[in-house]
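Each of the two complexes below includes subunit A, the first together with subunit B, the second together with subunit C.
This part shows the complex of A and B:
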C-alpha cells in the first residue's frame, strides 16, 4: 500500500515537472526572444533611453533609440520621433517602425525611432487572452519572428498595481491596470513607476533633441470609435487635417482626424503637446485581433485580420470600420502607417520650410501591399558590420 | 515602497508554494494531490519570474 502511494506521487511529480519545464521554457524563450534589426544607410547612432534619463539604466525599459539623419546628429533642420510598440500587442506599429529603421534615408532633418517604446509589454501576453507568444513575417530570405506582446507592462517588471491609478500630474483617476499602460502615463515622472519613468525619459528626449513632431503608432479594435484616424493635439490640427487630405488623395486609402480630448489625461497626443514643444499625432489602424467578440485568437487572425465573429458584429452595425472576407492583413495596416508618416513629413515641411524633414526610400501603402512587409525586412545574416542590433 | 511590497509579495508566493508541496506530500487522496499540483504551477512560474 505504501509503495503504491509512493509510486503514484512519483508519477504525479514527474508529470508536474514535465508540465512546469515545458511551460517555463516556453515563457522564458518568449520573454528573451531576440528580434534582429538591420539598420539601413540612414542610421547615425543608436542610443539608450537612459542617455536622456539615467534612472532607467539597467531596467528592461531602457529602450534603444535609433537616430537617422544625414551628416551629424546636431542639425538645425526639423526632427521627428516615431514610437512603435507603445502598445506591444499592436504589431503594425512596431513593424512600420522597423521598416523605417531598416530602409529610411533622411535628406533633411533627423528621425528618432523607438521600435519598442515599452519593451516590458512586449515580453508578456494578456492573461486569459490566449494570445500566441509570437508571430512570423515571411521574407525573401526566410521568416522573421517577433514577440506578440501585450497592452500593459509585464507584471514581472512592475508590481503591484494600486486600487486606483492616479495620473501624474493631473491627478485624474484612471483604471488600476493603466498604471502599466504606456499610453496613460505621459508625461511621466522621474520618481514614478517603471512605465512612468519610461515616459519621462521619452519626454526628456523630446525636449533635449528639440523634436518637432511625435508620431505614436497604434492599432485599434473595430468596435472602438477612434479608428482609421489621426488623433491630433490642438497644436497639430492643421497639420493632421492637411495630411489626412493628402493621404486620401494620393495614397489610396482614407484616414480621418480626431482631436485630442482636453479632459482625457495620460495619452501621448494630449500630454506631449501640453508639456513639450512637440506636436504629437497618434495613428490608428484597424486590428480585428483586439476585438472582444473575436473567435480563435491565433497568429492567423493577428496577421490576416479575418474573423467571422467580428464580421457578424459588423452585420449588426456594431463596428466603426468595415470588415469583410478580405480582413485587415498586416501588410495593409503597416502600409497605412508608413504612407501616413510620409505624408505627415511632407505636409510638415511645406508648412515649416525652416525645419524640413525629408525622408526617402520608405515603402508606401501600395508597395507594401504588393510586395509584403517581409520584402522590406533585411536579412540579419548579411548585415554589414556594426549595423545589426537586437530588440 | 513598491520594491518592499514586491519583496513581501514574493515571500507570500514562496510560502503558499511551500504549503502546496507540503500538503501534496501529506495527502492520501489522489484527487487532492492532482489539485495541489495544478494550483502550485502558477505559483512556481511567478516565483521563478517566468510568467
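This part shows the complex of A and C:
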C-alpha cells in the first residue's frame, strides 16, 4: 500500500516536471521573442519612455519611442503620437504602428510612434483564454513572427492586484485586474504601479513634446457596441466627425464617431484630453478573435477573423458589426487603421494649418488589402546599418 | 466537418471521459483534468502542455486566498477564539431568535462582501455561526444550507462582486451604480433564507449547550478575538481610503498578516507549522479542483467547446434566456466558477442591452443567481467546503434538497430584477 502511494506520487511528480519543463520553455521563448523593426527613411531617433520619466528605466515597460520627422526633432509644426499595443492582444494596432515606423515619411510635423505601449502585456497570454503564443505574417521575404499578448500587464511584472482598483485621480472603482489594463490607468502617476507609471511616462511625453494629437489603436469584439469607430474626446469632436466623413468618402469603408463618456475614467480618450493639451482619438476595428462566443481559438481565427459561432450570434442580432463568410482579415483591420490615421492627419492639417502634420508613403486601406500587410514589412536581414531595432 | 459538429464531438468526448473517470472512482479534480486532456486530444492538439500549464494557474490567486484565509481561521480556532465567541453569542442572544438571526446574517455577509469570495465567509464566520445555529436545534444539514446560501449572497454583495466586476470589465462598462442593485437583493435573500430554514429554531438550553462547548483558554477575551479581524478590516480599508499611498497587498497577503496577528495575540502558544500542514491537507481537494477547472476552461476555449456553449445559450429567444437563467447561470458557475462571468455573462448582458434592459440592474440580478451554482457538481467547491466546515455527515444530495426552496426564491428574485431592470434603474445611484 505504501509502495503504491510512493509510486503514484512519483508518477505525478514526473508528469508535473515534464509539463513544467516544456511549458516553461514555451513561456520563456514567448517572453524573449525578439520582434525586428526596420525603421524607414523617416526615422529621426529612437528614445526610451524613461527619457520622459526616469522611474521606468530598467523596467520591461521602458518602451521604445520612434520619432519620425524631417530634418530636426524641434519644429513649430504639429506633432502626433500613435500608440500600438495598449492592448497587446489586438494585433492590428501593433501592425499598423509597425508599418508607420517602417514606411512613413513626414513632410511636415513630427510623428511619435510606440509599437508596444504596454510591452509587459505583450509577453503573456490570458489564462483560460487559450491564446496562441504568437502569430506570423507572410512577407515577400519570408514570415515575420509577432507575440500575441494579452489585454493586461503580465502578472510576472505587476502582482498582486488589489481587491478593488481605485483609479487615480478620479477614485472611480474599477474591476481589480484593470489596474494592469493600460487603457484604464491614464493619466498615470509617478509613484503608482508599473502600468500607471507607463501611462505617466506617456503623459509626460505628450506634454513635453507638445503633442497635438494622440491616436490610440485598438480592436474590439463584435459584441461590444463601441466598434468600427473613432472615439473622440470633446476637444476632438469636429476633427473626428470630419475625418469620419473623409474616410467614408475616399477610403472605401465606413467608420463611425463616438464621444468619450465623461463618467468612464482611466481611458486614453478621456484622460489625455482632460490632463494634457493633446486631442486624443481612439480607433476601433473589429476582431472576432476577442468575442466570447468564438469557436476554436487559434492563429487562423486571429488572422482571418472567420468564425461560424460569432456569425451565428450575428444572425440573432447580437453583434454591433457585420460578420460574413469573408471574416475580418488582418489586412482589412490594419488597412482601416492606416487610412484612418492618414485622413485624421489630413483633416488636422486643414483645420490647423499653423501646426501641419503631413505624412507620405503609408499604404492605404485598399493597398494593404491588395498586397497584404506583410508586403510592407521590411526584411531585417537587409536592414541598413543603424536601422534595425527590436521590440 | 463543420465547427459546430467538431465542437459537439469534442464536447461528447470530454463528457464521456469525465463520466468514465467517475465510474472508475477517480477523484473529481482528476476526472476534470482527464476530460480536458481527452478534449485536447479529440481536438487534434495532442498534449498541449502550454495550455495545460496556463489553464492550471487561471485561479491561482483564489487558491492563495483559500489557503491563507483558512490558515487564519484554523489558527484562531487553535487559539480558542471561536469557542470564546460562540459561548459569548449564545449567552447574549439565546432567547431572542430575531435579534440572533439578524446578527448572524450581518456576520455572514461581511467577509464575502469585502472579498467577493463566498468561501471566505464560510471559512471566517461560517464555522462560528454554524456552532451557534446548531445549538438552536437546527440540523447540521439545515445549518450548512443557511451558511452556504448566505455565503453565496455575501460574495455577490457590494462592494466587491466578482461576477458583476468580471462581466462589466468584459464589456468595458464601469463598475459603478451597482451598490444598491446588489445590496438590496442580497440582504433580502439572506434574511429570507435564515428565517425560512431557521423557522424551527428554538431557544437554546444555555447550560446544556455551554457544557457541550469547548472551554476557551482563560486569558481569551474580546480584544484577543477582535484584533485579527480589526487588522483585516484596517488593511482592507487602508487600501480603499488611501489607495494612492498604501501599498497594494492583495488579499492573500492581507489574510497572511491577519494570521500573524492571530498568532501574536493568542493566549496560548500555537504550532504554526503543524496548523499550516493541516490547512494544506484540508484544502488540497479544493485547490486541486480549482486548478483542474482552469485547465478544463482553457481546453474548452481552445477547442471551441466554450464558444459552442456560449452561442447556444445566447441565441435562444430572449424570453427563453431570461426564463432559464435560474438554470443556466448556476450550471455555468458549477462548471466554470467565476469563469462563467466572462464566458456567459458578457454575451447575456450584451443581449439584454440590445433588448432595452438596464445592463447594471440586469447584471446585479444575474450576480445573485450565479453563486447558487457553487453547490452543484462537478465543482461544488463552496458547497463541499460548507459541508466540511459545518461537519455534515449526511449525503450531499440531502444538503442540495435543503437548499432548494430558498435557492428558488433567490433565483426568482434575480430573474425579476432582470425582467424589471428598466423600472429599477433608479437604484443605480452609486
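By definition in this document, the second predicted complex is superposed on the first by the 374 of 391 C-alpha atoms of A that agree within 3 Å, B and C clash if a C-alpha of one lies under 4 Å from a C-alpha of the other, contacts with A are read in each partner's own complex, and residues count from 1 in each chain.
The rule we apply is simple: a residue touches a chain if its C-beta (ideal position, glycine included) is under 8 Å from a C-beta of that chain, and two chains touch if they have at least 3 such contacts.
Everything quoted here is computed from the prediction, not taken from an experiment.
Asks: Scan A:262 for contacts with subunit B and subunit C and give back first, second, both or neither.
Replies: A:262 contacts neither subunit B nor subunit C.
Asks: Which of the two, subunit B or subunit C, is in touch with more residues of subunit A?
Replies: Here the partner covering more residues of subunit A is C.
Asks: Could you tell me if A:28 is touching subunit B, subunit C, both of them or neither one (first, second, both, neither)?
Replies: Once the two structures are laid over each other on A, A:28 reaches subunit B alone.
Asks: Looking at the overlay, what does A:366 touch: subunit B (first), subunit C (second), both, or neither?
Replies: neither
Asks: Using the touch definition from the top, say if A:160 reaches subunit B (first), subunit C (second), both or neither.
Replies: Both partners, subunit B and subunit C.
Asks: Figure out whether A:5 sits in contact with subunit B (first) or subunit C (second), or with both, or with neither.
Replies: first
Asks: Of the two partner chains, subunit B (first) and subunit C (second), which one does A:20 touch, if any: first, second, both, or neither?
Replies: In the superposition, A:20 contacts both subunit B and subunit C.
Asks: Determine, under the contact definition given at the top, whether A:382 touches first (subunit B), second (subunit C), both, or neither.
Replies: In the superposed model, A:382 contacts neither subunit B nor subunit C.
Asks: Considering only the touch criterion stated at the top, classify A:193 as touching first (subunit B), second (subunit C), both, or neither.
Replies: So A:193 meets both subunit B and subunit C here.
Asks: Could you list which residues of subunit A make contact with subunit B in one structure and with subunit C in the other?
Replies: 19-20, 23-24, 27, 159-160, 193
Asks: Spell out the residues on subunit B that touch subunit A in their complex, using ranges where they run on.
Replies: 2, 5-6, 9, 24-25, 28, 30, 33-34, 37, 40-41, 44-45, 48-51
Asks: Which of the residues in subunit A end up touching subunit B in this complex?
Replies: Spelled out, the residues of subunit A in touch with subunit B are 5, 8-9, 12-13, 15-16, 19-20, 23-24, 27-28, 31, 124, 156, 158-160, 193.
Asks: Which part of subunit C faces subunit A closely enough to touch in the complex?
Replies: That would be residues 2-4, 6-7, 43, 49-55, 57-58, 61, 114-116, 159-160, 165-166, 168-172, 174-176, 236, 239-240, 243-244, 248-254, 294, 297-299, 301-304, 307-308, 310-311, 314-315, 339, 342-344, 346-347, 350-351, 353-354 of subunit C.
Asks: Under the definition above, what is the set of subunit A residues touching subunit C in their complex?
Replies: 18-20, 22-24, 26-27, 125, 127-130, 133, 159-164, 166, 168-169, 171-179, 189, 191-193, 223-226, 263-265, 292-298, 307-310, 312-313, 315-318
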